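Labels for the chains are A, B, C, D and E, by order of writing; each one numbers its residues from 1.
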Amino acid sequence: MLDLINAGVALLNFIIIPATAYGAQLALGALGATLIYGILRFSHFGHGDNMAFGTMITIGFTNLLLGLGITFGPFPTALLALPFGIIVTALMMLLMDRTVFRFYRRRRAAPVVMTMVSLGVMFIMNFVVRFGIGVDDVLFADGTRFIIAAREFRDWSGLDEALSLRMTQVITVVTAAIAVALLFWFLNRTRTGKSLRAFSDNEDLALLSGINPDRVVMVTWIIVAALTTTAGVLYGLDKSFKAFTYFQLLLPMFAAAVVGGLGNPLGAIAGGFIIAFSEVIVTYAWKKVLTYLLPDALAPAGLVQLLGTDYKFAVSFAILIIVLLFRPTGIFRGKSL
Amino acid sequence: MSTHVQTTGNQSLRTLLLFLGMALLLVWTGWAYNANLALIILNMGLISAVMALGVNLQWGYAGLFNIGVMGFVALGGLGAVLTAMPPTIDAWQAGGLRIVIGLFIGGATIVIAVMTYQRLPTGPRRGLITTAIVLVGYALFRFVYVPGTQAVEAVNPSSTGYLGGLGLPVVLSWPVGALMAAAVAWVIGKITLGLRSDYLAIATLGIAEIILAVMKNEDWLSRGVKNVNGIPRPVPYELDLQNSPEFVAAAANLGMNAVTASTVFVRLNYSLMFAAVVIVLLVLAQLALNSPWGRMMRAIRDNENAAGAMGKDVKKRHLQIFVIGSGLCGLAGAMMATMDGQLVMSSYQPLRFTFLIWVMVIVGGSGNNFGAVLGGMLVWWLWVMVEPISQQLVGYITAAMPEGWLRGRLTDVAPHTRLFLMGLLLLLVLRFSPRGLLPEK
Amino acid sequence: MIVVHDLHKHFGGFRAVNGASLRIETGSITGLIGPNGAGKTTLFNVIAGRLPPTSGRVEMDGEDITGLPPHELFHKGLLRTFQIAHEFSSMTVRENLMMVPGGQSGETLWNAWFQRTRIRDEERALRQKADEVLEFLTISHLADEKAANISGGQKKLLELGRTMMVDAKIVFLDEVGAGVNRTLLNTIGDAIVRLNRERGYTFCVIEHDMDFIGRLCDPVIVMAEGQVLAQGSADQIMQNEAVIEAYLGTGLKNKVVSA
Amino acid sequence: QEDIKLGVSIGFTGPLESIAPAMSSAVDLAVAEANAAGFLGGSSVSVVTGDSTCIDAAAATATAERLISAEGVKGIIGGMCSGETIAQLQNVALPNGVVMISPSATSPALSTVEDNGLFFRTAPSDARQGEVMTEILTDRGFTTVAVTYTNNDYGKGLADSFAAAFTAAGGTVTINAPHDDGKADYSAEVASLASAGGEVLVIAGYIDQGGGGILRNAIDTAAFDIFEFPDGMVSVALEERFAGEITGSFGQNPSAQGDGRDAFIAMAEAAGFDGSEAFAAESYDAAALIILAMAAAGSSDPAVYKEHVMTVANAPGEPILPGEIAKALEIIAGGGDVDYVGASAVELIGPGESAGSYREVEFADGAMNVVNWR
Amino acid sequence: MTFLNASAMRGGYGRGADILNGATISVEKGQIGVVVGPNGAGKSTAMKAIFGMLALREGSVTLDGADITALSPQDRVAQGMGFVPQTHNIFTSMTVEENLEMGAFLRRDDIRPTLEQVYTLFPILGTKRRQHAGELSGGQRQQVAVGRALMTQPKLLMLDEPTAGVSPIVMDELFDRIIEIARSGITILMVEQNARQALEIADIGYVLVQGANAYTGSGAELMADPDVRRTFLGG
């Protein structure tokens, strides 16, 4: 019995909780990417760096707040600073749109041209972030880090296995759930939301319906800014802030958005979890769990691992490809430009 | 009609002028910095042009969004290692046979599993039997294969620890690398070419990551992340030239010192070889583009359904062009490994070998072969030259600046202004010619 | 001869084609009419290999062609046009036509590289053929225009033109007339009759213009709700009560007068 | 009297961009000292930097090419990562006959690479560190460990040499798994490591890369209680970010008993950068070696002074610590012999690489304490 | 005072040659104007020009006396113009009902009655209201497109070949409805290839050839002209 609990706790601690939290992190990031793709019709390669930018600004405001002696009790102060971060990021994105993207949109440039343009934006944001905050790791989490701390849990429960649950993990999951629900409601039920979808579907006809394209674009960027900054800040709180890592987040985020079905918020969420869970589960070494579950005589000598963690990225991509083979436009049948 | 002729006339003039401009840039680099630098940029630019041609075939001709370029380039590099490096006899003796048999078992398992799956009637029994075959096969494969790899990797791990290659002349690796990439592309294409746009993109990216993961972790193949150095060269070594009295004398005749002359000579050799490859490819690509074949490809790109209804086998054509384009990337990869004399797995980064290549194609003008070549050369030049240029820029700016926070920040991030400048130039080029420097007609 | 046996095509729960059985006799110009959403286009799509059927069978000259891909059907002589024009937008109008014929030797890379003269001759012939078709469709002046830049009706003409580039056995025309000027449509009608008589093309024509159908088609098949509702000569069909109620209506004039 | 240029070719951008600035500053420090002292009849030394990107061999080659042929540098401090270093060496430095001293490339492959006497490194080969680590672990009585390494030539080489040494010494490695740097999440790796088990987790990675991510995750989930840190991990960043949570853990990095390191760190602090940052000390030493070798040779010609690198680096002679470059130049000018010790206890062996003496550190009371030298 | 007056329009696409060569089109309030002509005559181009989707080099457009030549399309929507383009006239990824709602985007009042009206006019749309418009048949799409424009409740309704591809019964309904709409004071301008039916209900008809007016007259006059009949109406 105890063994069973131990095995369960081990699974929870090493697989379920981390993968859920990571999945939610990816999903939040993917939501922004999928929205840009869905409405503005291109894959934005600067997305990761925009995330870094939003986080950087939020860190700045956090420091300001802390300097003023304001904290958020058990929660990270950064959450208080988040709205400011979002506002500045939104302004930055609107500026980028005005100076860069609008030109191509008006000329009806092909999506791939927009994507290449976004690479240019990525390089520039890359610099802006490094200029603003440098290349180093920045820790900006405060408040209560753990809801359940591993060692305390072990002492308290008397189990062999530990269980940890971080505040940021819970916040991320909750935020992701709220964000996707809001977004879904917004896009499918509100007038503005529908006008966004109409614009993404057929720009000319949207004009003929009296939809103001500039407003659509503005609203989109503002929502994206909110999602992006939130995603970046939550990720940074959970791990730490480092400019380079945010760039690296780009690919898994895109993978999540694609496998879920581009343009579909539910897809982004599903995709995030698929990527996260496949990374963690397929390369898991089952030795520990099996040792608990099986009688001692049968306890495995090897690691009981399907593939080494060397292949974790490859495996998650392999799963992604398999999913796409059955659903060529993602789980929720996304757009395809 | 007359306007049509005129625009093509303008187009060729534009092409000519832009290539001339590119040549001038290189000459300027040679003059302002150094001839060797110009040649190094030229050489890598030519290699980039080959990759860009490959991507342009896939995207510009057929609308296939392949962002797995990096994987095929790496395969080309593997081709260079497998062709040109000397075989490691000890390693072969230690476990070569086991690996070969193991791989054979693995392959057979897949074939048998697929065949059983196809033969058996649908039902739970089918799934069970196939799974059983796969599991047994996999276990057998691991049983034979893993000890083999371990034995091979244990042979002098710091300098060999792999099976080595065939010890053939390295130039042979160019077709070999191309063929390897093409063969892998064929398999991949069979599986993924049903996908469209960004879905295909992410699938190809995933496959590139898988290829890379295999090459990084199967040390017996090409030393994984431990890198292979000293791939034999198709051109003389500078030191040999410097030690050869004839060469020194000849250099002196030209008024050059032996060191410079030797390096320039070696680079020039590469340049000529690469240029020959690019020219041949360009001619072939142009002939293809302007033939009924090219027309058919454009039709498929424009509207797959209609092309299918007009009797064109869309799948087959997609596969064909995917294989050829990827083969070109493999070729470029082999050329690059040849020039570098090494295979360094950590250098295969998506930013460098996929996105940059895409930038080349788009900046050059997708659908236009000359554009791809020009884009390849120009973007590579930028990639290298923005570094010193940006440093100088920051130098000027900060010099004029009073001491203070901003100046401190600027000097701190000086190396990163490279990216800023790259981004800025990219945006400028695309602003003034949004369809690329040499747009498709 | 095309024979369709009990064909079904379902989209989710919706039965777009719901057990249609019909034959198109060799040498006929068969009309296919029916209300919007009757399943005509879907039927075409299944026959022409664009959509897999849910169930049922399609035969062509006794051979089972169910589910064959469109390009294979093309080579068997089965051609179709699209209701919503599917032009190759970045190619010129002439190229749109020249790409059609199958088995062009220039379509293999080897020949494209090493058989330049052969290709040149072939191309010359193709070009001439394409120009004839353009002449016929009254759009010669657009030969070098990008297909994206021609008018809606002209795109329809181009759709038709493509079927004229090869010797087809059977041609499925999906509302080529919609959006085409009536005078020109009459000319097109004449051409269809001529192709039918002189070259032995079989036609299956979807059209909502009853004048056109009446002038050209025999027999006429009426579809409604995914099934065949009636079949007969054009005159018979126009008298058929069920057809009038489901499709033709009582006509505009009476209402205008009564209004 | 000439203006001698030295090149610095390290990865200012790319995955190791965060440790590059300190390395570069360390070079500047040494150069400033030499300029203040004056040598070769009043020549001045200036530094030209180039971005080697650490991972892109082609870009690194172009950078080295520019440094050598366009800027005319007489020696290069670099490259940074082993792969890129080999590319620069073979494609540019060797043909052009320019000396390269790498402060940080540690791959064993560099010991045997053909270099025409032009290549040196102030970092030891990873083969040595594996042995040192084994000693430390066995001395502390640990017999089963799990190993994770950063998936590049450095990590792999180090992990392999350690695994070999540790197994030979009777220990068990439960798992030897790579992790890729710059990934968003390391749950999968930690899950597998935890499942494999072991008394200690060896993290052969970089603190500000995957190594840090693995450590964070492993602490949070209590996957391991004790960690062993090789050189890529031991740094100020480790102390600042983790010291309170890793009591009882330990590690080692190249460094020698003596005042060299402390002196250097103090100098660095005065100069406004962090001297304990990975490979900063080695960078300082690399620059110092080139300068001293030039002085000893009386020439800035690489073909001449390459012969003097080993002599100034090794005994016999007067030991030289950081900050004593002026003194060393004086001795050399006076015809004396120096034995450069520097910030990382330079002792070049074999083909011109650091012999590798290591300090052992341990974490207690929220701080990193040096407990031993090996 | 004519309600819509587009006079002497000259212009084309981008930098290409002029498509419109002085075409003039005007319709009185509450009347039905019909434009016919061969394919490629510039009928659609004229409609787009009137709607501001094409820059005119010469000529002007006035609506209800006000010069709107410089207004953007969305501003013209706000001025009470509604337009059904010939192609790409529905939101394929949105449901039928959402398509109709988009038509009423600028309206602030209760749109449900109009919605019901559209569903009674085109019953098939009612049954498919939750379906994506991209999955509809050609004729059904056309009905959605017209329905969307009706939802706008415009003062001027412009239709580019609204009956292309719709079945006879629906076409009759549609023409009936158009007459009704016109009676309620809404001005209608439409391009038609089903020219005879269209001209029958037209108050004024234009025959456009090569971007210029070839014939103008009431519907009946044009129908009676043998030249027009032969060359443009198919005899």
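Points worth noting:
Everything below uses one rule, namely that contacts are C-beta pairs under 8 Å (C-beta built on N, C-alpha and C of every residue); 3 or more make two chains touch, one makes a residue touch a chain.
These numbers were taken from a predicted model, which means no experiment stands behind them.
Where touching is counted per the definition, subunit B and subunit C have no chain in common.
A centroid comparison over C-alpha atoms places E as the chain most distant from subunit B.
Taking the mean of the C-alpha atoms as each chain's centre, subunit B and subunit D sit 32 Å apart.
Centre to centre, using the average C-alpha position, subunit A and subunit C are separated by 49 Å. Distance between chain centres (mean CA atoms), subunit D to subunit E: 76 Å. The set of subunit B residues that touch two or more partner chains comprises 216-217, 412, 416, 419.
In subunit E, no residue touches at least two other chains. Every pair of chains meeting the touch criterion is listed here: A-B, A-D, A-E, B-C, B-D, C-E.
Within the complex formed with subunit C, the subunit E residues making contact are 13, 16, 37-40, 43-45, 86-87, 124, 135-140, 142-143, 161, 164-173, 175-176, 179, 193-197, 200-201, 230-235.
Residues 11, 33-38, 40-42, 83-84, 138-139, 142, 149-154, 156-157, 175, 178-186, 208-210, 246-253, 255-256, 259 of subunit C are the ones touching subunit E in the complex. Across the complex, subunit A meets subunit D through its residues 10, 13-15, 18-19, 22, 25-26, 135-137, 139, 146, 150-151, 154, 162, 164, 166, 235, 239-240, 242, 244-245, 248-249, 252, 276, 279-280, 283-289, 303, 305, 308-310, 312-313.
Contact residues on subunit B toward subunit C in their complex (touch as defined above): 1, 4, 284, 287-288, 291-296, 298-299, 301-303, 305-314, 320, 324, 440. Across the interface of their complex, subunit B is touched by residues 12-13, 17, 20-21, 49-51, 55-59, 61-63, 65-66, 69-70, 81-84, 86-87, 90-91, 94-97, 107-109, 111-114, 116, 127, 151-153, 155-157, 160-161, 178 of subunit D.
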